[in-house]
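Below are two complexes that have chain A in common, paired first with chain B and then with chain C.
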Partner chain A sequence: MSNDVATIVINGLVNGCIYALIGVGFVVIFRATGVVSFAQGAFMVLGAEIFASLVNDGLSTGPAAILAAGGAFIFGGLVYWLAFSRLTGAEAFITSVATVGLGILVEAVVLLIWGPAIIVIPQLFSYQVHHLVGQLGFSNIDLFAMAVTVAVFAVVLFGLHRTPVGLRMRAVANNPRLAVFTGVNVLVTSTLAWAIAGLTAALAGIVYLVGTQPDPGSIYALGLAAFPAILLGGFDSIPGTLVGGIIIGLVQATVAVYVGGAWQDVVAYGVLLAVLLLRPQGMFGSPQVARL
Partner chain B sequence: MRSVARGSALVCALLALSAGLAACGSSGSSGSSSTSTGSSSGGTATSSSSAGAIVLGDDDDLSGPLSVYGQYTLTFIRAAASYANAHGGINGHQVKIVTADAAATGQNASSAAEQLIDSDHVSAIFGFTLSDDCGAVAPLAASHQVPLICSSTPPQSLAPVQKYVFGGTTVEAQEVPASISFAQHLKVPAQGTFATIVAGSLGAQLYASKVATAAEQAGWKDGTAQVIPLTAVDASTQISQVVASHPAVVFAEPVSSDILPLIKSLRAAGNNAPVIVADASVGYTGFTSIKDQNLYTIGPAEYITDLGTAQQGAALAVQALKTQGQTTLAQINQVLGPQAFVAPYATMQALKSCGYPCTGSSLANALEHTSVSLPGLVSGSFSWTPSLHLGFHQLYIFGYDPATSQPKVVEAGLPVGSLDG
Partner chain C sequence: MTVPAAQDSAARESAAVAGRGSGDAGDDRAFWRSKTTIGTAVYLVAVVAVLFGGSQFTLYEGTLIATYGIVTVAQDWIFGRAGLVSLGPAAIMAVGAFTTARLSTEGWGFFPVPLLISFVFGGVIGLLIGIPGLRFRGLYLMLTTLALQFIISFAAEQYQGVNREAGFTVTPPTWGSLQLANPQPLFLISVILLGLVLLGLSGIHGGAPGRAWNAIRQNEAAASVLGINLVRWKLAAFIGSSAVIAAAGSVYAYQIGQVQYTTFSLDLSLTLVVMVFIGGVGTLIGPIIGAVGVVLLPQGIQEISNLFSGMPSVSGWLQLNEGIVADGIYGLLLLLLLIFERGGLVAIGQRLGRGAVAAGRLAVRASAPRIRRTNAPSP
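And now, the complex of A and B:
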């Protein structure tokens, strides 16, 4: 395998996993409540900052990640329970716009607490590359990103399709009024969806933080960068988010290698526009998905 | 209907609350407006019409992906204003800083500048993290005769000289000769390969182009030239390409978050090549956290490594930053270091020499004849002249000192290059 191809495969897969990890929260919220949440980037910042504080205070990676993700889980649920549940019945557009305000609010509070400086943590994983075939190899940071993504998707998919809670979430997503008549507590179910989205966003923030030294603003922006992947996969499809993320990651890496890095985002958003024009429901999404 | 009405009300409440908090997050300014929350101690504006006050603007990315740079610059502008106010103001007049967020929704650098000029009647405008923004606002500044002191300045706004555009720091292309001479000083082998990796800003790409030409003239071979879009959130592909080119030296100016993975990826591949980063982009925190002895950065102002420094310029900056709650070395040297203090301080000195009121061409003339000496911060003096609106004339090169776990000056007094590299 040539070096260029190896670079594309490695970085495409890893970045695709990060996109998918960000995207899964969008999809969970959308499926359960019909809301497109623009606040996921802010939850990523929150998770990353909590994680960094805990690690810098001496806590090891695992417990710090669990506490940070757990904190975002609780915060996400509270946000829905205290604020967004009151918008039930409002147009999805209004609620989605409200998430923009939520995102700004959360980011502003995070900046007040931790400041705008770059987030620094000790090196948790090695950058040493483990070669598999020829030039194809992954560093421990790459493997961490992919492992977290696989674990999150496995848990979310299992939870949605193999547990009573998942069944209730799918029922609410399919028809909230009918779900109420069958005894499903929509408030609890939707609160859980927001909590899960908070958790996955926090994990995405942690995964991104582990390999870089980002400032809060760039993590927040990353939350929106996942949109091409989500739209490509289908806004209401969890497996589609993974596939869409990896495709976008591979396309961006290919463009960066053969055309130039300056074009990688142009191509990603070109894909987004093409999908909106040609197949708004994405590769795996349902055709009835509402467009904003 | 009722639920929608309630929903709308909640949306409004949320947005209003978030806007308020965003204002707090941007250090006391309103998110997109400049005439807001007041603070007598911080040099923050209460109103543009405050009697007798000297009102200066800041047009920068105070929110969004580049807010770390915008907030950093604003902190140092406020510090310089507070220092002046604490010492009786400028010719007896207090300095007030008003802000306009160029990154706020529906806002851009030009409309933010219009707001500062038309509504707040500022005498001069600081800010402009992006050189493109400085260039875009330059015609407006010229037509209203309001000097701009830009954090990043496009070369075409400096040569030929534009009366109302002043560079707050060096232009990256000016750092090319120092980059090359330092690489030669490090004895990068002849015929060795070099790589460039820069962010997609105008100044950084110009630096990459000029340094590549100069490096080839010095006998090194071009391995790869990578650009990271400003909107990109990941540079791993570009970094992989740099690693794969097996460089003997890397010339870089990525955003700060990409420096750690660049260094670690190179070292993990067994490559210990020097990485020379332009525009002071490594930062104090970058040095102290990455701890790499072959990582260097070029910058026009010294880091402050001793809070009790006796050097006059550094001590003055420490004192001024204390008024903004910046009391640790990491805070004082934040982001790109205390270089952001120098131009605002020099502007205050220009206003002092100019008398009151001082605006328009009088202020521009005063700026063109300002020279300040800040030992411990600036090598030589910081001075704008009628023929060159860039104040820094000498550069430092910094490296990591394992003995102190801080950055140290490796070379000082290097002359800045020409605007075309």
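And now, the complex of A and C:
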């Protein structure tokens, strides 16, 4: 296996995992409240900055990640409770523009608190490389990214399909009115959905931060860059978003190696356009999302 | 109220046929009081005031407001009237700006040739965007335009190439000895263009096209059933608004003098979108008020920081972070307006106005002497 292919596979998988983490939160929000959120990037930045502050103050990686994700969890829930619960029933593009406004606001607050410079954290993982499959050498950071992704997806899918809370969320996602009649507290369930989205986005931000050393703006931009992956997988499919994320990650990695790094984003957006024109519901999306 | 006398009815009928209502002095008053007339008057007064009394900086800001105003009014056309949201106005401005920059240095810079050519190119782009736009509305259209924003931005970056880090210089247009890119002429150009756009749009929105777009915005299926040709009207909205936005981009190029792809980023697009919603979607003044607010807000923050001059840490921080604080305010304002007052600042202004009028009436009534009515009202 050549070096190029190895790079493509590893980078593609890791980036794909980040997209998937952003996407799973997005899909949860979309299914529970019907909002197409452009604000995942904002939750990512928040989580990453809190994590960075904690880690720079000496806290170790695990607890810092948990606290940062927890903070984003609470923040996501609050955002729904205070703002988006009042937009229930509004037209789709109104809520989306509202998420754009939210994103701008949070980004501004983050920049005011932490500044626009590159986020610097101490080295948290050794550069040890594990050769798991043939010549594919995964670093600790890569493994961390993939482990977090697998864990999050496992918990979310298990939670949705095997717990009473998950059942209620799926009920609300499926038919909010009927869910109300069966006694589901839609407000609480929707708040929980947004909280989960905040948490997964924060984890995505942390993973991205640990792997690269980005500035807040780049992290925020990633929230939008995940759209091709989400759309490819299907707006309302959680497994789809994982598959979509990995595919886009691999495609971008291939483009980066053979054409040039600058073309990555354009190609991803080209895929997004292609999906919209050819199969709007993506690979695993339900037919209802074919015409949004 | 007494029944009108019989001999007036004939006059009224003929006046109605002539289309001017029951012709008397009250009708002329209606014309002078109409929103269009008042609006035009205010506009002209403001333009003259800035043109002759404004400093260089005021002229600069005024030109910026007018240019953004053209874009936001065009965006309101597709959002507020036709229900099609676009996240890519900056990219379309870029088309106009780059076209103008290149034409100006290649000998085609005679004004208004670049402006007109930008207008045409914008229309072409609008057609291209409109075609996928026919299939989607709302969300998927937003995503399509988001993708186009990135793709066009990337194309501009590639076009600019590695050699031109500073972008393309715009050769200022001249009419004989008159330098058109100077503050005063440029301001005049931008407000004339804005005025033309406003006149054109108020005419179109008030007529059959406006009703067609309104119907499409409210319920596409119903509109189609009523016989409205969706394809034709949606495409018309896209082509028209994109042409206008590209023309604004052309004026913008003259103002900034140096055209680079970084100027026309997603940030600018989002700012332009925010302007429309903050000002008030669905009105013609709304977007302009939004443009005024967004352009002048950083200065407002400067003024506020001067108020805090006694507390240098606060005022210093405000001045340093002016732009970011402004962004935060836009985001917050957008969120609050979308939740509580969809009509934007225009609607808030109207509410305040009505409140003031009602309060005024109450005051007058409370202070007027009591009048004894001796005539019983007629049945």
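Observations, loosely collected:
Please note the rule applied: the second predicted complex is superposed on the first by the 287 of 292 C-alpha atoms of A that agree within 3 Å, B and C clash if a C-alpha of one lies under 4 Å from a C-alpha of the other, contacts with A are read in each partner's own complex, and residues count from 1 in each chain.
Keep in mind that, in the parts below, a residue touches a chain if its C-beta (ideal position, glycine included) is under 8 Å from a C-beta of that chain, and two chains touch if they have at least 3 such contacts.
Worth saying up front: this structure is predicted, and the values here are computed from it rather than measured.
Partners chain B and chain C, once the complexes are superposed on chain A, run into each other and clash. Contact with chain B, but none with chain C, is seen for A:Ala256 once the two complexes are overlaid on the shared chain.
Legend: residue contacts after superposition of the two complexes on their common chain; A:Ala154 is shown touching neither chain B nor chain C.
When the two complexes are overlaid on their common chain A, residue A:Ile118 makes contact with chain B while staying clear of chain C. Judged by the touch definition given at the top, the superposed model places A:Asp265 against both chain B and chain C.
The larger set of touched chain A residues comes from B, when the choice is between chain B and chain C.
Within the superposed three-chain model, A:Phe227 lies in touch with chain C and out of touch with chain B [touch as defined at top].
In the superposition on chain A, A:Asn11 makes contact with chain B only, while chain C stays out of contact range.
Once the two complexes are laid over each other on the shared chain, residue contacts for A:Gly101 go to chain B and to chain C alike. Touch criterion met: A:Val109 reaches chain B and chain C at once. Applying the stated contact rule after C-alpha superposition, one finds that A:Leu132 touches neither chain B nor chain C. Only one of the stretches 129-137, 237-245, 255-263 or 327-335 belonging to chain B has C-alpha atoms clashing with chain C in the superposition, and it is 129-137.
Overlap of the chain B and chain C interfaces on chain A comprises residues 83, 86-87, 90-91, 94, 97-98, 100-102, 104-105, 107-109, 111-112, 221, 262, 265. Those residues of chain A whose C-beta lies close enough to touch chain C in the complex are 36, 83, 86-87, 90-94, 96-98, 100-109, 111-112, 221, 224, 227, 231, 262-263, 265-266, 269-270, 272-273, 276-277, 280, 291-292.
Of all the residues in chain B, the ones that touch chain A in their complex are 3-4, 6-8, 10-11, 14-15, 17-19, 21-22, 24-25, 63-68, 71-72, 200, 226-229, 231-238, 240-241, 244, 255-261, 264-265, 267-269, 283, 285-286, 289, 330, 334-335. Considering their complex, residues 3, 7-8, 10-11, 14-15, 18, 83, 86-91, 94-95, 97-98, 100-102, 104-105, 107-109, 111-112, 116-118, 120, 123, 126-129, 139, 208, 211-218, 220-222, 225, 252-253, 256-257, 260-262, 264-265 of chain A touch chain B. Within the complex formed with chain A, the residues of chain C that make contact are 85, 132, 135-136, 138-140, 142-144, 146-148, 150-151, 154, 157, 266, 270, 273-274, 277, 321, 324-325, 327-328, 330-335, 338-339, 342.
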